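Just below sit the structures, each encoded as structure tokens.
The two complexes that follow have chain A in common; it is paired with chain B in the first and with chain C in the second.
Here is the complex of A and B:
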């Protein structure tokens, strides 16, 4: 039974907090796996880790009856999104490594129940400047909540299908992508209509009609660059002009892009992309030059989290029961189990 | 003279002799009384002199030492001292000099390697040379005096014969002293730390068992450098536990290499030829100091750019990141891995252990993976991988040679000399043909013995061997294309003799004819070289005089001329008109004309010469009529005519038989032939004339009216 569970285990999302020495992973059982990664942050001169590495999660916290689809970290909270609700978990609570920890707050989505049932939250993004949390919802909308009050601030409603992911850019910029194949750039001060619409499937160098037009992932960096991918190949766009800058791997015609994101939000230094074919994770430059091809245990990678607060740390997760840990952006160091002993 | 006296007098004379380079005074001391003790005495004296007077620290005059050495060489040649003396002098000097001075003095040793290799010196002093070189080597630091070390090794390689065993690592020992140390944390896995320190492997294992904690996953850094220990001592890999570590470390390192892509210098932003400024540290691969020690660096395509050598790896943790992004470093490590893999699977006599099936498969898979990585490591990865493959292949030959006990290497034995007896030779070649393919060299040698040639294909060979001697071939009669004087000049002679012809149309006025004529005269006629008092005015005039001379000389020409004149006369008679024979037209073009054409010409008004001979070809009807007449005449009259027309009796008979003895057909046949052969000459007039000669005018008249 345990073996079967581990085989069918899937991690959808991850969050790092180097300040608290924690790595969180949300899985398909509605649990948050909490890893103590203090030791990975005590680096030696060469960037290696001297001490013992964690083998598996310290504790698994029950977060929802539904899978934990999305997760984002703010300085004080880890915010998880599942079906119908958002939950905020205080890092200090999680640090106790206690299974019985409960969320500091929850927000229920006010969705149109008659049409969509309970909408799931596919993606979360946190804007530290405006202290807003953005949720990409299954009811074709992206919602912005004020972290302070938990009130719904604005609703971005222009997608023609469910929203896959949402990303923030600067203090007021928001980018969302969805199953309808559109990448919408918003100014949340005027949330009625998107500022710009990019349709990657209309770019001849990106389009892969056999896979569809959906855009699974979107990310921005430096307020200038946007990367997205899904059915169409992953590509880098200039955020203001909407022009295509580069095409990224995976370059074969049969691999849907599941992850395309910048490693850092503040500067467009490198991009991480991954697909569904077991080809691992590609780290590329802004021009599409592959600098590293990392193997991943997960055949289909759903989540790549990178943090640079104290040291470089990148974790790769997806299907299967291992999370790959990289101590830099060049090669894999080791992998963690997602099964609690 | 007592030995003491000899000793002292040598010491006395030696400085002078050294300066002059003359051994005369020394030889005079010894007075030809040479015995073994005296030689030893000489040796002692010279060595004492060198040690006491010449080797004086920094101010040593190396020139004097080399002079003494040369002097002793001369003495040894005169058998006035032992042949070991020169080397003893040199090695004494090496023992007492500084490394810098040694380096200078060594160039003298290098320069005179031919002297040391002389039979007189080689056998007695070879051990001394070896000892001396090893002593110097021991004093040197391999990293500081790399070049000097290399020079010494090269000298030894030149000095000893190729198959000298003393330089070989016969039993495939490993240089276990070449330990790569790297900083390992005390808290870290005891295994790795102890391994790289000089503890033995077994001790490390015990230690590990004592702690009985699960093998932790060491960082890439320690995994990476721990691999060097396997390269240092590959025997470890045959033990179970080290093998497990080795495979896991290798897999991790290779994974890191394959994930960490290197940018080639030409790629990315460096399209303008800007060379990437990636730092280049490191080093060599002399980890396996055994037979596997190949100098890969030399074969690097880009070695000119980065001709760097480091005796040891730099293992600082901070460098690892840079090292991983350095393609050269990556190559070193990958090649080390290949060498190890090669060793593990190679057949080596002194290797007791061997790998299991699964382990061998792993080695093969790893080799493949490493070659894949080498190929994708810029710059020129694929080329580099190919070179390495070839070098590793060479290792197999080396191993074979060592496994078979290092047999002396000889030049390939010359093939057995070609057999003198032709018959036997053929037998041999038959045998060989049945057996395997013969060597090309043998074939050529055999062919040469028979003065034949062998070409690329049989047809060429056949053609070439028609006449193997090319010069002889050119001397063959049928290759002589120069016409005889007679043939060439006959027409010109005729023209000169029948004075009616216009002078300017004569052949001699044709410049082509003239030039060829001169060449021919030069080849064939003595007249060409006779001195003539008359200066040569023009070529035609000269030729005319020459031709006249020739006409007198050559019977062929004169007789033909006579015939011709006879013919001319008879024709003149026949036509009863002022005849002017223009038997042959001046221009060769006209000569070639067929009778029909000349008939046409006939009708044209001859503008400058209206008295041109009218020639009438024989028509078919006339020929038939003539043949019928002749047949009717009966007898052998027809044969006479045919003979006159220039046909041989036997051919006439042959055709006659063939035509079933029908005279008419035979005559017709030959007339046809005659017309074909003679063209213009075969005209009515000729045949009438001929018939007249045969007293058959009536026949002629009846046919030709």
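Here is the complex of A and C:
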């Protein structure tokens, strides 16, 4: 029975904290898998890991009855989004590697539940400058909460289907994408209407009508660039003008894009994209040149997390029971199990 | 004595002295008379000599030796002085000295005479002293001799005394009655307490006497009894001959009652025959037969165990084994057999030669059955045949008898298991037949999959018990010896298929315990038994029993029930051409599914393991080790217009305890559907099957429920995909209507979450579909 469960398990989201030596992964069973990755951060001369690599999670924390769909890290907290609520987990608590750890705070979504059931939180984004946390919700809205008080600061309501992901840009810029196929650029100081609307499915070089028009993922970097993908192919847009700059892999007609994000928020140096059907992960430049093609154990990649605090660390997760670990942006090093021994 | 002698001697000496004194007087006179007339000179010469001797002897006695010494020295000195005088004289006046010298010479001569006298005296003294020494030595010798004689006498006496001290009589070896008991039991004429109380010797004599009396009495009693025994033996042999004469009569009577027994339904003869045959069974089968019949007698009349096979051959075989054993260990075995014969019931528990239990047992049996049954005269034909046959054949030889256990369900179906014993391999193997009574015949239908009659019917009855690999660790070596170049080298010892299956539970029922290769294996077996026991108790509403026979037989019955239900399901599935043909229990349909299902189950066909193995869709299940070759494989084909779904079903041998596994191959027209979508559909049945067992639905119906559920999922999937691509569905018919599915099921969202999940979960209360 356990084997079958692990066959059909999925990791939706990940978060790194190199300062605390932790890697978190949220899965479809509502668990946060906590990995101790201290040893991956002690590198040898050539960039390899000297010590023993971790095999599996140190502990699996029961976070929710519903799948843990999204996760983002702030310096003090790991914030997870599940159905109907946000939870903040103190890194220092998680570092204890105790199964019974409880969240430092939770925020319940105040939404109209009658039409949608409990809305889920599909994406999270943290703005360090304004200390706001943005949640992409299943009830067609994106919400901004103040991390200090936990109060709802603003609601972005212009999508016509559920919101897949939000990304922040600068102190007040917010970008959201949704199942309705639109990428909306907001200025949260004026949250009533989006500043700009980009519809990738209307770009002929991106559109893939057979896959639909949904936009699964969006990310920004350097306050200037935006990358998004989903049913339409992944593409790089200029944030202010809304113009398409480059088309990114996976370029075949059958693979929906599940991940398209900048590796760093501060500079648009490289972009990671991944698809839904076994193509692995591509690392590209801003112009769409593929610099590395990494294989992934997960047939369908749902989450790529990268961090550069001490050393480069990238992890790739999705369906199945393994998480791939890369020590640079060029090679896969090894993979971790998601099954707790 | 010596002193007396010396006294006597002294006395004689005294008398001699007297004589000597007189002689001395006479001799003085004689010397004076020498100058006188010499008439009687000769006569007196002899006397004189004698007298002189006597006189000198007397003188010797009188005089002291020391004084004589002194006298001699003086004389010597005097002679020397005379010699000097003469020398002086001669030197002074050589011419005139002759007279003086003569005078001096006379003097010297006198002195020399004196010296001679002294010398004679001395000689006499020496002689006397010698005589005395001789006497003394003789007396000393006598005394020594006497002493030695005495010493020898002492030694002899000591030896005698020692012998007396060490002497011990036979009476010490005789066990006697204790003294108190002796005085109580013995008559006073023998015990004589007045005498014996005080005298231990008399007491002992009396006790010995009493012992003798008693022994005599007992000997006569023994003789009497042995004569009685003899007479009784004679009596018994007479009775035996009479009984033997009655036997044919009784046999005739029994024979004639058989029709009556049959008419009345009394299994008396059959039971007796079974009992007789049981004597011929090899030990493991005997144990198994005993356990099963005891269990059925104790309260489960639906279990029936019978012994079948060739009893004559079994008797021959036993005889043969018996003889062989006698041949090999002739004298020793014979001695052991005679010892064991009186108490053969005990020798069953004999811990010795546990290696050879079966032959040991059979020997006992032959003796036991020898009393009740006449043996077929032994012939060596079978052994000579055995030598001629192929060694492999011999290795796989089965005992001619086998035990047939029939486990029935209350509705009349039953599973018949034949337990055989492979004598060389020392294994119990099984062959299984199912007698199904309730199976409704499907007219004209070819049975594609028979889950009832295959040899694998009882595979995986307990987890990990496939029955194909020998549970006996020795088997692999036995088989290797015969086929050194075969595949056994690298594989576990596979039981040749003609023997049937060697399940571990069968060995345990038969009391054959093999050392498990690994500790974990034993633990796993035990855990499996406990789990099955708990499940059975749960199903039957009885208490948990870990009793092996009960659990095993209940598991057999459970397997039979499950397979009967499965067979029925498969029969209706193989002729199914629509989803409504899926034999879902009617109660579950309304509780689990919405009213209408649009996609159709087009066909249901068995698939071979090779074909299943070759499919890419099943790779994940195969790689995870979940789909194994011992399972049954099917392909269910669903269709909804141009959407086609092949479900490859793996039904485990342990179904329904292990639920079926589905691998899907989904095609939208010509295009394969995305893997992520297929995964979601698969997870719905493979992971979330427990949703289907609401309201106490029997797990035996899980397969049709899963199939029906899959049909429903395909409906929702097709509709959700259509609504995603064309959200404005409600607006009206679209131009490419043929490619589009109308939304018939009720769901709010066609996608949810980062993985854009489909609303595959049905909420019966709201009658809507939603995401998990």
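Note that in this section the second predicted complex is superposed on the first by the 341 of 341 C-alpha atoms of A that agree within 3 Å, B and C clash if a C-alpha of one lies under 4 Å from a C-alpha of the other, contacts with A are read in each partner's own complex, and residues count from 1 in each chain.
The rule is simple: a residue touches a chain if its C-beta (ideal position, glycine included) is under 8 Å from a C-beta of that chain, and two chains touch if they have at least 3 such contacts.
Worth saying up front: this structure is predicted, and the values here are computed from it rather than measured.
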Given the alignment on chain A, is it a clash or a fit between chain B and chain C?
fit
Put chain A at the vertex: what angle do the Cα centres of chain B and chain C make there, to the nearest 10 degrees?
90
Looking at the overlay, what does A:208 touch: chain B (first), chain C (second), both, or neither?
neither
Is A:322 in contact with chain B, with chain C, with both, or with neither (first, second, both, neither)?
neither
Which partner does A:289 reach: the first (chain B), the second (chain C), both, or neither?
first
Specify the partner with more touching residues on chain A, choosing between chain B and chain C.
C
Tell me the contact category for A:7 with respect to chain B and chain C: first, second, both or neither.
second
Using the touch definition from the top, say if A:159 reaches chain B (first), chain C (second), both or neither.
neither
Identify the partner contact of A:31: answer first if only chain B is touched, second if only chain C is, both if each is, neither if none is.
neither
Determine, under the contact definition given at the top, whether A:16 touches first (chain B), second (chain C), both, or neither.
neither
Go through the superposed model and pick first if A:143 touches only chain B, second if only chain C, both, or neither.
neither
After superposing the two complexes, find the smallest distance in angstrom between C-alpha atoms of chain B and C-alpha atoms of chain C.
16
Contact set on chain A toward chain C in their complex:
3-5, 7-8, 10, 12-13, 67, 69-70, 115-117, 120, 122-123, 138, 161-162, 164, 179, 209-210, 212, 214, 216, 254, 256, 258, 276-278, 299-300, 302, 319
In the complex formed with chain A, which residues of chain B make contact?
185, 187-188, 216-217, 219-222, 255-256, 258-261, 263, 267-268, 316-321, 324
Complex interface listing, chain A residues touching chain B:
44-53, 280, 285, 287, 289-295, 328, 330-334
Which residues of chain C touch chain A in the complex?
620-621, 624-626, 661, 671, 674-676, 679, 682-683, 686-687, 724-725, 727, 748-749, 751-756, 770, 772
